[in-house]
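Before any comments, here is the structure.
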Amino acid sequence: MQLGMIGLGRMGAGMVRRLLRGGHQCVVFDLSPDPVRQLTGEGATGTASLEEFVSTLRTPRAAWVMLPAGPPTEQTVMALAGQMGSGDIIIDGGNSYYKDDVRRATAMQGRGIHYVDVGTSGGIWGVERGYCLMIGGERGAVSHLEPIFKTLAPGHGNIPRMPGREQRISTAEEGYLHCGPPGAGHFVKMIHNGIEYGLMQAYAEGFDILRNADSTALHEGHRYDLNVADIAEVWRRGSVIGSWLLDLTAMALAEDPTLSNYTGFVHDSGEGRWTIMAAIEEAVPAEVLSASLYARFRSRQGHTFAEKLLSAMRQRFGGHLEHPS
Amino acid sequence: MQLGMIGLGRMGAGMVRRLLRGGHQCVVFDLSPDPVRQLTGEGATGTASLEEFVSTLRTPRAAWVMLPAGPPTEQTVMALAGQMGSGDIIIDGGNSYYKDDVRRATAMQGRGIHYVDVGTSGGIWGVERGYCLMIGGERGAVSHLEPIFKTLAPGHGNIPRMPGREQRISTAEEGYLHCGPPGAGHFVKMIHNGIEYGLMQAYAEGFDILRNADSTALHEGHRYDLNVADIAEVWRRGSVIGSWLLDLTAMALAEDPTLSNYTGFVHDSGEGRWTIMAAIEEAVPAEVLSASLYARFRSRQGHTFAEKLLSAMRQRFGGHLEHPS
Amino acid sequence: MQLGMIGLGRMGAGMVRRLLRGGHQCVVFDLSPDPVRQLTGEGATGTASLEEFVSTLRTPRAAWVMLPAGPPTEQTVMALAGQMGSGDIIIDGGNSYYKDDVRRATAMQGRGIHYVDVGTSGGIWGVERGYCLMIGGERGAVSHLEPIFKTLAPGHGNIPRMPGREQRISTAEEGYLHCGPPGAGHFVKMIHNGIEYGLMQAYAEGFDILRNADSTALHEGHRYDLNVADIAEVWRRGSVIGSWLLDLTAMALAEDPTLSNYTGFVHDSGEGRWTIMAAIEEAVPAEVLSASLYARFRSRQGHTFAEKLLSAMRQRFGGHLEHPS
Amino acid sequence: MQLGMIGLGRMGAGMVRRLLRGGHQCVVFDLSPDPVRQLTGEGATGTASLEEFVSTLRTPRAAWVMLPAGPPTEQTVMALAGQMGSGDIIIDGGNSYYKDDVRRATAMQGRGIHYVDVGTSGGIWGVERGYCLMIGGERGAVSHLEPIFKTLAPGHGNIPRMPGREQRISTAEEGYLHCGPPGAGHFVKMIHNGIEYGLMQAYAEGFDILRNADSTALHEGHRYDLNVADIAEVWRRGSVIGSWLLDLTAMALAEDPTLSNYTGFVHDSGEGRWTIMAAIEEAVPAEVLSASLYARFRSRQGHTFAEKLLSAMRQRFGGHLEHPS
């Protein structure tokens, strides 16, 4: 079927390529002409403006927005909505906050435009591996887009059917899932990323302890000089903690077990933060997910004001001086 | 080659079966005669006492102890050592504390007995899937046992070689690894389990937030009734958080998305605790791994004394009364 | 001076009493006639409706709302605003979310009504001890109310001036502080309560470890049967951790060291949650404050879904069964 | 009475001064001759060697060791024990691990020497304010030393008796407490310091959020430029979170609200670590106390290996680059 794609960065371009290979037609647009030209060369229909993009799409139009969350997505979705009409579908495939989805979907409902939110996981590997899709929106619009979802998702692949699922037929086994009404897709994706932070931090702490097992702070007989690259590799083979993130860890450590090319300044995207806010709204304890987020906050500072205050208190009551060495 | 196995529980018996299938000879012993009889029927050589077990083994003897950590392992290893001689090898395949390994290895060194510690992951699936083996001990003894390790481990299987490992030939790719001197195997296994706790808790918190997304505490438009079984399934397909633990989660939720058969009383084994102690000795922050451990401690109590004290303080300063409803 | 007070619960009534004793005139109103009658008997001017309340106040009117945060405060403040005029002052002395203050202050600005937010600490002790007041609003309105703040606050009392403050004259030393524009008072009070949660949890965990020092899980020679009431008391005398919360702890433990009258079901008010949200917006790590909040969430559940999922995973990979005993 | 003091650093010298003022006789020794000379000038009896120290003490001797925990204390206590005899008392007033106390007390028991462990809080303020003393040891030896404890402790002072304590006469009200058998004093002091870490971290996080309330990351209308010095001061007056640590905080912030003289490199002593180990041995959740310790670990590193691994994983799955600005 035909799909319009706005935003041809790593993710958007990868999805267009996967769709073209899957036999779909793609109308594409980006503020930068380069990726438009590039994808046109690969079989997509390039357009030079939002107006041209909209008018090139056949009705009912389906336009997928793949832009950074926040103002870029908000402005583009709203501009699109202004040019589209009843029966058309706008898909937000970025990392939007689910409450923004709810607001936008409600705003468009009156004009008959369908709003579908799709949380997408898979990163730069998705073009080959397929994208895991978490979808929110009205059933009709979601059904209409099913051929697109089926192509983008990984499909069954060689992952065996889970025992107990025989009676539970669901597209989940093909890698895409209609999770619920508007916002549900991004809600599930938000939690996905919250979990991702927690998993990453668990591995990170574990490898940090392994790495420091040669510390002279330890009793000599209990000190080990461990090969973290080989340990990551062996854990991929039959251990309980095997995962795709461990695969990537093993890959990075195989290249350089000291990770000396990284400073350790770690960004966070909105989803980790929103996950904690959701936990708090629901009164669900989320100790590990919060700690993972805070570790990233802390990684981006030289020293916190909190730490300075600890030093100041220690000096006041104990006369303790800092001596950072 | 020939291997003696003491302790024929789920793990020990599974390992014997995998070794027999791999063409090895197994001499087996257990305090309970049933599993001895059972495995004898499957091709192992059963013995009825520790003495018979030792005398049945050919020198240099290799005896694998697969018992609960603590007194059972300690007593058996020591009893074995008393009956073995120079050149013999005792393997502790359980979940011992690595400092106990160091002590035992040192104690046996004077008598020429080799002590090898093997951390084993894979659980009840290992007999088919292979066991991930983390090994500590002297190089000579570990090399001698290599045929055993090769059979127990999963081997390359269909997991593709990691880019960047071409020049880094290691048995890690076959699922077993000599990590270092005595204790190093169990040290690495300890951290493995520490990470396991963290991963499990990250998934658990995430699914808890999903599950409670229908809470009436939430604004109606932001409330979702999510299918956690399908969400676990879809995440197995192309998402960043795919893992073996997620596979097991999906399996459990497919069977019963409410998990109503579980109370949520969660045990912890020693490794999670020892991991935190190692982190503290090394001065490595291990927020997520600690929080995971504490969540288990908390799960086993009705209410903590800490919580009662919070209630008491609240009442004293604010006149707040508890009303648990 | 004259002040109107709406909301005559524990806090509101206590404040009226302290103001009356300080020579101020109080016009009072509450939905329930009992406290109105009671305070009228103590010298206040009782009123029977919001209309009467407003018309009894002399212009420029000053009306203090002391109601639960959320709908009760919102509705009352808005109803008051509808009946007041340019130059009048509405004070929200409850525990409102500071973003609500900003919104309300902006809404009233056009009509010339001043909005002042006052975070109040001191609990049921404040009537004798004085209330610590954190104030937000325009300078003019705040200055106008200064006689009221001075009476409600504890004053210098016998707390000696802090060395270094000689040149830093501030009403902070008298127990009230104009913190900034609208919302600033409740912002500071919010953080105050966030810290309060953290302090309480620190004591609670420490006493829990003391209480369990007699656990049979410990080696016999390292087991202690400690008198937690006496320990709380001795810590009040010259130790680094002396505090008012410790005083209350000592009081509670002196009465019953087992705290058997409390179940340990611990509520949380909004401020603890909002503190975490502010930390996240600012990207400030707030590990301890979050953990304190989560401990309260956890205290209100039998078992979490998270814990059930941990049990389920453990059973799947290790065949581990729960046995809660 | 007469007391010997070994170790004349800030704490030891302060205690000698307080004892001299209280009319006691002090025999003093230190490896450095300066403080010995100094205190001799103030009325103490100086000695030039451990031998002279011991022989100057009248039997039954009472020798207080006030040295850093670990080797300095261990060696001195053991050397002392070698020169002392039945009925003599050795007091360890430092910050020893309670398990070391148990070991030493047991070792000396056979020779009739009494071992008393005293956890001491109060820091550099103790000489004026009095020291809070937590005492472990046999009842007889502890009773013998009571005149010393009474002088060192703050006494009742102007702190009113706690309601409910009328029937519960205890020296706790005077600031010293016999907590239990050997090790109990240092056990209680250990938890005291664990709590101290938690309290400090709670204030530190709260002030960090206040300090960053002017962050441009916030919506303009929700941004505040707060005076943290005045806020600390106002909280000392009638608020729920008043404490001695808050007094010190207010003092430090009054001097310099930016704390620019501190880097924020925060040390930790053993007690914080041992507290966590005790919590783990008892299976008590200690989330806040652990987080406080980890914040200190983290403060002493540029970047952790954990953070580098997070960066590496992010790059592998998302192509995300670090850009620390």
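Residue numbering begins at 1 within each chain, and the chains themselves are lettered A, B, C and D in the order written.
Here is the rule we use: a contact is a pair of C-beta atoms (placed from the backbone, for glycine too) under 8 Å apart; a residue touches a chain by one contact, two chains touch by 3 or more.
Because the structure is predicted, anything quoted here is derived from the model rather than measured.
Taking mean CA positions as centres, which chain lies farthest from chain C?
The most distant chain relative to chain C turns out to be B.
Just curious, how far off is chain D from chain C if you go by their C-alpha centres, in Å?
One centre to the other, that is 31 Å.
Using CA atom averages as chain centres, what separation in Å is found between chain B and chain C?
47
Indicate the whole-number Å distance between the mean C-alpha point of chain A and the mean C-alpha point of chain C.
39
Using the touch rule from the top of the page, what residues of chain B touch 2 or more other chains?
Touching at least two other chains: 123, 201, 203, 205, 208, 212, 240, 244-245, 251, 283-287, 291, 294-295, 298, 300, 304, 306, 317.
Based on the touch definition given at the start, go ahead and assign the chain network to line, ring, star, complete or other.
complete
If we count contacts the way the header does, which residues on chain C are in touch with chain D in the complex?
Counting only chain C, the residues touching chain D are 98-99, 102, 106, 121-123, 126, 129-134, 153-155, 157, 159, 162-165, 168, 170-177, 179-181, 183-184, 187-188, 191-192, 194-199, 201-203, 205-206, 208-210, 212-213, 215, 217-218, 221-222, 224-227, 229-231, 233-247, 250-251, 254-255, 275, 278-279, 281-289, 291-292, 294-295.
Enumerate the contact residues on chain A facing chain C in the complex.
Per the stated touch rule, the residues are 240, 268, 273, 276-277, 280, 283-287, 290-291, 293-295, 297-298, 300, 304, 306, 317.
Would you pull the chain A residues touching chain D in the complex into a rising list?
10, 123-125, 200-201, 203-205, 207-208, 211-212, 244-245, 248-249, 251-253, 259, 262-267, 287, 291, 295-296, 298-300, 303-320, 322-324
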